[in-house]
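Look at the two complexes coming up: subunit A is in both, with subunit B in one and subunit C in the other.
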Partner chain A sequence: MGVAFVTPYTLFLLAFGALPTLYAIYLAFTKNNAFVGLDNFVRVVQDYRFMPAVGHVGLYLIVWLISLIVLVVLLALAVHGVRSRRLSTSVRFIYYIPGALAGASSVLLWLFVLDPSVSPVSGLLNLLGSDSFVNTIQIDRLPVVLAIIAFWTGAGGWIVIMYGALNNIPNEVMEAARIDGAGPIKTALFVQIPLLRKWISYMVILSLAAGTQLFVEPRVLSQASRGVVPQDYSLNQLAFLFAFKQNDFNGSAAISLLLLVVALGLSVFFVFRGGLFERD
Partner chain B sequence: MDPGRWLGRALIWVVMAAFVVFFALPIVWLLLAPTKTLRQLLLDGPFTVGSFDGLLQNWMDLTSYQNGLIWTWLGNSAMYSGLALIVTLAISIPAGYALALTDFRGRRTLLATTLVVMLIPNTALVLPIFLELSAVRLVGSPLSVILPFSFFPFGVYLTYIYFSTAVSRDLLDAARIDGASELRVFTRVAMPLATPVIALVGFFSFTGNWNNYFLPFVMVPGRKAPIQVGLAELLSNVPQFNPTNAASTTIDLPALALGTLFSVAPVLIIFLFSQRFLVTGMTAGGTKE
Partner chain C sequence: MAPQHHRTSVSRLLITATAIAGLAALTACSGPAGEIDENYGFVVAEQNPDSEITIWADATRQPAVEAFQKAHPEVKVNLVVDDGSANGSATLQTKIALADQAGEGWPDVAFSTQTNDASWAAKETNGVQAFAAPLDKGYFDEDFLSGFTPGALDPVTIDDTVYGLRNDLAPVLFWYNKTLLDEFGYDVPTTWEEYQELGDKLASDHPDYFLGTVGDSFAGPYVFYWSGEAPIYQVDGDTFHSDTSDANSMKVTEMLDHMVANGTLTQDSVFGADFVAKADHLVAIPGPAWYSGALFQNPDSVNAAAGQWGAANPLTWENGGDVTGNVGGGMWYASSHSKNLEAVKTFLEFIVSDPSTAGTGGLPAYQSAADAWLSDQASSGFYDGDFAGAVSTAAGSVWNGWGYPNFSPETSWTKIIIPGIASGKTIKELSADWQKEMQNEAQAQGYTIG
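On to the complex of A and B.
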């Protein structure tokens, strides 16, 4: 009987999980329906735009992940230390609310914030040596800019999650630390952060997987910046160009597959090594 | 309290307050900008309030763009996310229930696959799904958005966790002994208990799909696009960002800001109403992008 309940879902899983993956594998290893081995992969990797895109995404990931780990943990600890419940709830909610503006909306809002002529923080932008929008989004500044946008939309959710995890630390443990004479910093370093480790690794793995997929932010910035941000800044943009501009579905499938393997690898690693499957 | 300790505490408060400003400032700005004229936006202070007339003018500018294209986009978004929400609930809730409380062959395999696929960012499958749907000539049809939107393994996982922790098998067995059929056990016993998880899955499905850009961007361009894709198109008709664009209809910055506000309004309202449960940590794991 259970089978009847899961059948519709299983069909969707096949149609929009398994089948597209298999089809992408098929396309990536063929050309005009003939098996070509690794030709498609060699072609896209040797494309002059491929390595720069890898570099862009890599640099962005480094900046973003480091700031995510440091600031999310710090802010979660700080909010958790607030005694007034109302204040703590309000602060968490304010941190969380930009999550409502994911996708193109958040990038659009940040276009305004980054444009010194209308920005609410134009003074700060001037201070950082930027007098125009084009100047703010110079290619060497982009990893930081993109990391700020991603942090703004996504960090609040993680702060709330870490806060929840901190709440789950038994009172006796915290009490024992206090009796042993540990101040807030020592408690954080030797008690709280080690107990957060599972959630931190969950955050890093999901963010790493999502970050490699970078698409909408550089895409909208590119549209807004008269090409200062190139159309092929990230790998997903490049895969998009292969499919839509060059009509090269095989090349596009090859890039997509490379990205999918990274995401799949991280996911499988976390599910089976990170203990997510233990609940069953 | 010793001065070092006091200084440390003050520092923490400063950092916390600075991030309140960082997260809230752009949103406050977004609420104010649509009330201004372009001139006010460029010359006045960023946190001044414009006028009601200014808001009205921007409203007219935005809604008259291509004869109210913005309403078409918003309508598309509502249709895509709304229909996907219904399908998602109809397939995820029974599936999560069956994974948690029934036994069948392949249960563990299905569960493991669900966990793995759930952690893959949905952008990773966009181009493969596009290639697949273009092979079956579905690209451009509303189904090409609604069907992939309705595949939501995270919802199945949430339902599974909920039923396996909050509902006991004994309760269901009691109903079975009373002679209830499996379908009846599900609809009369399990479903009434499932309200919280239905709300949770609905929340993530709707907000995630409303904000999705990449998938509809490749599937349904132009008039069939949802607001997220439309908004980016609006951007290319803003002279400040694209001076070379020779389009006859242009959009000014304040109207673009109003459009941005339009595009996030439904989700922002849902967030405000779900405030209580959003900050309690119940959303653990829910920030999959």
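On to the complex of A and C.
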């Protein structure tokens, strides 16, 4: 019975996860089916678009991951602190709604929010010094803009998960804290957040994997802005250009592999720092 | 967690598609290479005269394709609408690269709004036959091909072989609002110097009225720099040349900076809502022939009344030649992989030369259709002045020093210049970066910089 449940997943994992990865590794070290060592990697790293793209993605990850951790934990604690059952349920539901929209369609929605001529928050955009769509999506503002979009689509799900994790903290522990005189802030700092550590690192790992693959948001913004957001903003976009604009699938695979290695390395760091594999 | 999953599955899908495509290509390569068919001049796929032909084109071309379906019900057509590679998005190249890699999935006919696609479509990639079929090696009759306006097929002619058919000619002319000019008491300018002076007068006497835009990816490079004989986008063999500090480039840059500063050139796209909202304040605009259908006779855009707008000869520089720029003018390509080349030929001959569809709103590149279109426009009296004369003059004076390399100057314009001027910089300050970006793009595409 167990096999029946696991088989479809395993097949899909092999077909859409493992095999493409192996094929990418093969492509990254060859050119015209001949082994070329690190040539492809040297070529893509030396490309004039590579370092800017690394910078863009890196900055985006920093802005996004920090705001994600801080805000998700704060909001989860706040929701958990709400006494009214009905209010708590509806707030969690509202948080979750944007997550139901698929990546590209939520960006389409944001196109309207970001364009001061049609935006419902145009006053706010003007306050922030943006009088046109082009100005809202200036390249140095993009990490923040993309982080806001990603937070809006992704954070709700995490808040619900953190809320569940907070519920898992045994009542005795919370009660002991209260008896020892800890208020909500002290309880959060010394009891709840330390106990959430695993969940937070779990969130960071998955978000990191998703964040390094930044593609859909800048791609849609690029199309919508008629190219003001460049087609080579993120690393994944650059891989796309290598493959389909330059017919250089080997270079494209090299970029993908670099992304994989970096994301894996950072994930390993968070797995061990977050004690994800420790048993209670 | 949902979006993370979405995102990973999208990129996984992409990787997988690539992988499967790659595997398919490996197997496809192992087949025996075909022989060149003497009737066509290239290696022809096995033909099936009843098979459906797939056409990739943009929404502007859709009515013309539908007109073809009405006129030729015997040809089965599957139209796939895309963006026509507008703004240098390279949609066609991207999709053909994927099909090349997969060894299948090519369209039978493809349309692009860009003029430079032959630079890659006429070349074999990674061992796959060039996508664009050579047309003058037996496939199309010489009689038919010679019906194009002289020079119309230059951008798709590589090593003396024709690889595509021109949809429309898009020379830059000078469009002016007769009603407003009369009301303000101004003459129609004939030189760029007079155009700039008109801007000064407007800015001081009639602020909020304007003379065009630099906010479109094509406006800067093609309308202004090409017309000014600026050597910023030139190709000689495998060498790319760009010089934004040349005297010709500088005079255009200075004019643009001057007019952006006094507000007579806006930063909107002519396809954007902001432009349409201000359209009744548009006094004149230099732009391609297809502005006729796209702006002036378009109910969703300027929507001019008959007699309100006119077209004049292209503006020239006092110290320059009588030349003008060019904004696209789409191209049709026949796939060398098509299984129904005869139906493709029927379609292409109809779409570029039938007076009912040729030009798709702009000036047809096919001479007989162009003549019919011009006399139609003239007899309708919609435009003030000598419309046919202005268009013909413009079509015959496109500056031939502009290159057609395998990348678009539009992507660098939108990446560097548009956001730059939106944040208050001048084009003069940005032009070195712009030149560098074009040179970088050229190098990435394999050109040497000269």
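The rule we apply is simple: the second predicted complex is superposed on the first by the 249 of 280 C-alpha atoms of A that agree within 3 Å, B and C clash if a C-alpha of one lies under 4 Å from a C-alpha of the other, contacts with A are read in each partner's own complex, and residues count from 1 in each chain.
Here is the rule we go by: contacts are C-beta pairs under 8 Å (C-beta built on N, C-alpha and C of every residue); 3 or more make two chains touch, one makes a residue touch a chain.
Note that the structure is predicted; figures quoted are calculated from it, not measured.
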Contacts of A:Asn135 with subunit B and subunit C, given as first, second, both or neither: second
Which superposed partner A:Arg178 touches (first subunit B, second subunit C, both, neither): neither
Partner chain in contact with A:Leu266 - subunit B first, subunit C second, else both or neither: first
Subunit B versus subunit C as contact partner of A:Val228, first or second or both or neither: second
Winner by number of subunit A residues touched, once subunit B and subunit C are compared: B
Touching partner for A:Leu19 - first (subunit B), second (subunit C), both, neither: both
Touched partner set for A:Val113, first subunit B, second subunit C, both or neither: first
Contacts of A:Arg92 with subunit B and subunit C, given as first, second, both or neither: first
Contacts of A:Arg197 with subunit B and subunit C, given as first, second, both or neither: neither
Touched partner set for A:Gly157, first subunit B, second subunit C, both or neither: both
Residues of subunit A at both interfaces, subunit B in one complex, subunit C in the other: 15-17, 19-21, 23-24, 27, 99-103, 117-118, 154, 157-158, 161, 206, 209-210, 213, 215-216, 223, 225-226, 236, 240, 243-244, 249, 252, 256
Residues of subunit A touching subunit C in the complex: 15-17, 19-21, 23-24, 27, 32-33, 47-49, 99-103, 106, 117-118, 132, 134-135, 137-139, 150, 153-154, 157-158, 161, 206-207, 209-210, 213, 215-216, 223, 225-228, 230-231, 236, 240, 243-247, 249, 252, 256
Residues of subunit B defined as touching subunit A within the complex: 5, 8, 12, 15-16, 19-20, 22-30, 33, 41-42, 46-47, 90-92, 94-95, 97-99, 102-105, 107-108, 110-121, 123-125, 127-132, 135, 147-148, 150-151, 153, 156, 161, 164, 182, 186, 207-208, 211-214, 218, 228-229, 231-232, 235-236, 238, 240-244, 253, 256-257, 260, 263-264, 267-268, 270-271, 275, 278-289
Touching residues (chain side subunit C, partner subunit A) in the complex: 1-4, 6-8, 10-16, 18-19, 22-23, 26, 83, 86-90, 93-95, 97-98, 100-101, 125-126, 215-217, 267, 269, 273-274, 410-411, 414-415, 418-419, 422-423, 440, 443-445
Touching residues on subunit A, where the partner in the complex is subunit B: 1-6, 8-10, 12-13, 15-17, 19-21, 23-24, 27, 71, 74-75, 78-79, 81-82, 89, 91-105, 108-113, 115, 117-122, 133, 152, 154, 156-158, 160-161, 163-165, 167, 183-185, 202, 205-206, 209-210, 213, 215-216, 219-220, 223-226, 236, 239-240, 243-244, 249, 252-253, 256-257, 259-260, 263-264, 266-268, 270-271, 276-277, 279-280
